[in-house]
Amino acid sequence: MSTSKKISKKDIGKILSQWSQEFTVLVPSKEGNVSKMARWDGKDTRFMDSHRNTVHPVKANFFPPMEEMFSFQKNKEGYHIEPAPPDEHKLLIFAIRPCDANALAILDMAFKDGYEDPYYLSRRKDTVLIGLGCTNPYDSCFCTSMGGSPSDSTNVDIMLTDIGNEFLIEEISEAGKELVAKTEDLQEAKKADEAKAKKVKETSYDKVTRKIDTRDIDKKLLACFENKDYWEKVSAKCISCGICTFLCPTCYCFDINDDSFKKRGARFRSWDSCAFPVYTRMPMENPRGEKWRRVRQKVCHKFEFFPMNFGSIACVGCGRCIRLCPVNWDITQTIESVPEIT
Amino acid sequence: MNQESERKPRILGFLCRWCSYAGADLAGTSRKKYPANIEVIRVPCSGRVDPLFVIKALRLGFDGVLVSGCHPGDCHYQTGNYRTRRRMAITKKFLEYVGVEPERIQASWVSASEGGKFAEVVTKITKELKEIEPNRLFDDEE
Amino acid sequence: MTVTDMSQGKRFFASENVYLPHIAIIEKVIDETPGVKTFHFNFKDEKLRKEFSFKSGQFAEYSVLGVGEAPFCISSSPSRSDHLEFATQQVGKVTNALHRLGVGAEIGFRGPYGNGFPLDFLQGKNLVFVGGGIGLAPLRSLIWNAIDNRDKYENIDIIYGARSPDDLCFKYDLDTWDKDKTINIISTIDREDKSWSGRVGFVPKVLEEVAPSASNAVAIVCGPPVMIRFTFPVLIKLGFTPEQMITTLEKKMTCGIGKCGRCNIGNLYVCRDGPVFTYAQIKNFVSSEY
Amino acid sequence: MKNSEIEQRLRQEAKALLEQGKVDCIIGYETGSLKFTTTPLITRNKDDVERLIVSPFIVNNLSVYLTEIKGKVGIIAKGCDSRSIVNLIQDNKIAREDVVIMGIPCPGLIDLNKIELSLGKDRDELDNVTRDNDRVVITIDGKEKDFPITEVLFDNCLECEFPTPREYDVLLGEPCAPVKSEVSKKTSIKELEAMPRGERWNYWKEEFSRCIRCYACRNVCPACFCQRCFVEESEPQWVSPTPKWQDNLMFQVTRNIHVAGRCTDCGECERACPMNIPLRSLTKKMYDIVDEQFHYKAGTDKNASPLLTAYEAAEVEDFIR
């Protein structure tokens, strides 16, 4: 490994300014007290003080709650279709948490598979992810059970580790290496800094106390697919709202709808959720009209179907669904309670 | 200024088929003069009008909404208009609180024989709506 | 083959945007039954009109711009290509809007999507078509395809039913097939009706009575979910193996390309991995998810 | 009576109900999977009743489950919850004899969001939170901090009129008095009313541009019991499924009008909202309008006709021409 760099926390604004020349820099921000990744205002770096993780997962920056796909107008020759202008921002996301970066890798698979999704992929293209290791994970976090960790750098370009007054900077990808090379104001890290970072990573790992066992979970879920009693029990307190799916960093279901305005019309894509009965409702019947079927779909999609199709569980253990659920429906409890194969 | 006075606010009227619709008809056949800017939806009873309809009309860009039914005690279905009264009372108050001008939410009792009253109501509402801005509440789209 | 020519509008980003519809023009509207219409259409773009190709059993997303999109199979046969057809029942927002359209109206079209029927696998086999109601639409595409390539297939049996004589779709086809000595067609209706002299009974029951041989045969089933559910056990009784039973499924499908998430049966997406499945593929989930 | 004593009585009561076959199912609260959090316990098993708890964090309005559970149900209800149950009875969604209401006088629940905001710490970073009459003591990093309840209870609890259930089969604990404190937060109704009308509209426009249409507000609401909500209708399509602020606002305003006279100010919609939209500034206003105009308080009389199906011959009419 090459020698790493470091930067003083008070100089963060300097490197963000440099990066802003080339990129649209997104940092953890608050809007109406709801945190999300949003464009850096160019000055304030206080966002770092309270950033544990954002309410909006980073997916919202690539796959927003709603987006216009194209618009159309009718004239004498008939309909004219105008695709939404491409998003040409080159994004740099600063202080993305390892779980959210891993989630993007999962979304990449889904949106690249078969027909490519131009909206997601055009925004995602050339994005630079600056990861920030967690030193204070939530009690709802369970990344270490999902193949990640508070310092997992697999899917970021540059990894930052909080070593007190400074961040240790590790180049992870080629893009990361290039960016570090042309960034000014970085200092060489000392052996002691690297040792400190190693210690921080170890301590953080142990701070994630929520653990689940996902061995053979796909097989166990397949075996209990028809176990209505189990699924009814598990789903009893679910209120079928969309919070856990909308704010899940790996959920990517959507709906497409048209709208007409005075002069033109447009087709929009918006988030949709398998928790809603209307999601699968057809005029004559609904294959998932009952709550237990919907909860089963949610759990099985993440832990059985997605792994069957892509070889990876579609959950990164960010814990948002547990933190934000109005009734404290806890996916880790569900996974732990899936019956053993008899 | 002249242009402003020429402006014709769009009004959507939900008229009860037993009284107000007939009243509007009478206003027409008896050549009562009233502004031609009201579009009418005939409803079986003013009680059919869900406040949702009123809000949808505003969403669609109508400047004002008129819900009109039979006078109290005259409802063909005994109590429909009483229910309308309660519903419209809270709808008007609530929408005003959210930020909708009260002039946009209108209600009236017009019987089948009150062609004159109908013309008068529409004239008055039109005048009031002319005094406020056109409805751009929901309208930030082209 | 997938058509990737984006004839209208600019090319979107680097790759083509699969979500942009082509514009097609309705050329003919046929009233099939009360509530079901068949639409004949063609692409507005000349080049696409020539280059477009599809397989029997594939579907597309049709839209009335400003109202929305809905998926229907292409009900015409690739062997008859001067125009395309789809049939739909009037059941919701988009289909209501479609049914209001007349000749000359423009609609949006994305597709073709899905796998289509496995023609290679079907060649040289006895084909047993089991259809109900508007479920004949996808079968019809394959039936015409088979008739136009008659030497490639052995016996063709068609068992088709509807609620009443009025609900039988594609009556003009049924008449033609009835006269065709090389195929055997049995139509049935659910309940007795004065105007009906043919068979009476639900499709699965009639299938059991007719009892086509499973030897070197493939059953191709399409109809309302309840009919499909009751047809599988009958076919098994008749000796069909799960690999010999093919169905084409209908689900709510928004994107058509396996992304929006709602049409799955287990890990399979009806739009991407189907809509044509063998019973072997879906039997794990079929009892509870379909 | 202490919570621990109430808990003991509650468990005995619930167990007896199940054992004697008086109910098929018990709905209560158990300890949640996160710090301080409680979660609904829905069970048909008498051994599970040992998990039932009572605490200052029993936020959920459990009556939301009543319309979907079959059979007779024993349910734990705070003051506001009991009113929601009465609503359901008034609206013929459930029969009075099918529920056994175990009422709990509720001195107000602790709003962890308020604590988080004032301390700049998340709930899982707090060591302990305890209620001691008019104070709430929060332990953080080993140090105790004292808050008056007016700063840390939910707004709707501070303004609660009926903390003690009005309708119950058994009351666990002694009746308690309302806190009756003025709520003083940025988005109070008074402040909104003081704004010019256009500004008010823009305020809501701003707030609802955050809405992601997860429908948590609707789904936690016991008054929103429609099988099919108007937002899910497609023919005609009243509201676009695309979460534009216009449609978000239209949805919420209409929802408020639809639940007028059913909203008991339980505050669940605002608490559930992940986008932090001050929904109670809408629901409470409607609650007040209903009270002022018709002297009607939702869920206080199971024999009364629901607000919007009843009338009096002489009633507010000044707005009608």
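When the chains are written out, they are named A, B, C and D in that same order, and each has its own residue count from 1.
Just so it is clear, a residue touches a chain if its C-beta (ideal position, glycine included) is under 8 Å from a C-beta of that chain, and two chains touch if they have at least 3 such contacts.
Just so it is clear, the structure is predicted and the values come from calculations on it, not from any experiment.
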{"item": "Number of hops, chain B to chain C, where each hop joins two touching chains", "value": "2"}
{"item": "Pair exhibiting more inter-chain C-beta contacts, C-D or B-D", "value": "B-D"}
{"item": "For chain C paired with chain D, centre-to-centre distance based on mean C-alpha positions, whole Å", "value": "49"}
{"item": "For chain B paired with chain D, centre-to-centre distance based on mean C-alpha positions, whole Å", "value": "35"}
{"item": "CA centroid of chain A to CA centroid of chain D, Å", "value": "31"}
{"item": "Separation of chain A from chain C, taking each centre as the mean of its C-alpha atoms, in whole Å", "value": "38"}
{"item": "Of all residues in chain B, the ones touching two or more other chains", "value": "none"}
{"item": "Contacts with 2+ other chains: residues of chain A", "value": "255, 257, 259"}
{"item": "List of chain C residues in touch with chain D within their complex", "value": "92-93, 96"}
{"item": "Residues of chain D that touch chain B when the two form their complex", "value": "189, 192-193, 197-204, 230, 238, 246-247, 249-250, 253-254, 256-258, 260, 282, 285-286, 289-290, 293-294, 307-311, 313, 315-317, 319-321"}
{"item": "Parts of chain A lying in touch with chain D, wherever the complex brings them together", "value": "31-34, 50, 52, 55, 65-66, 136, 138-140, 236-237, 239-243, 246-247, 255, 257, 259, 268, 270-271, 273, 276-278, 291, 322-324, 326-330, 332-333"}
{"item": "Residues of chain C defined as touching chain A within the complex", "value": "8-10, 12-21, 23, 44, 63, 65-69, 91-92, 106, 108, 224-225, 250-252, 254-255, 257-264, 266-267, 272, 284-285, 287-290"}
{"item": "Chain A to chain C touching residues, read off their complex", "value": "69-70, 72, 74, 78-83, 86, 110-111, 113-119, 121-122, 125, 222, 225-226, 228, 252-260, 265, 267, 269, 272, 274, 279-285, 287-288, 293, 297, 300-301, 304-306, 308-309"}
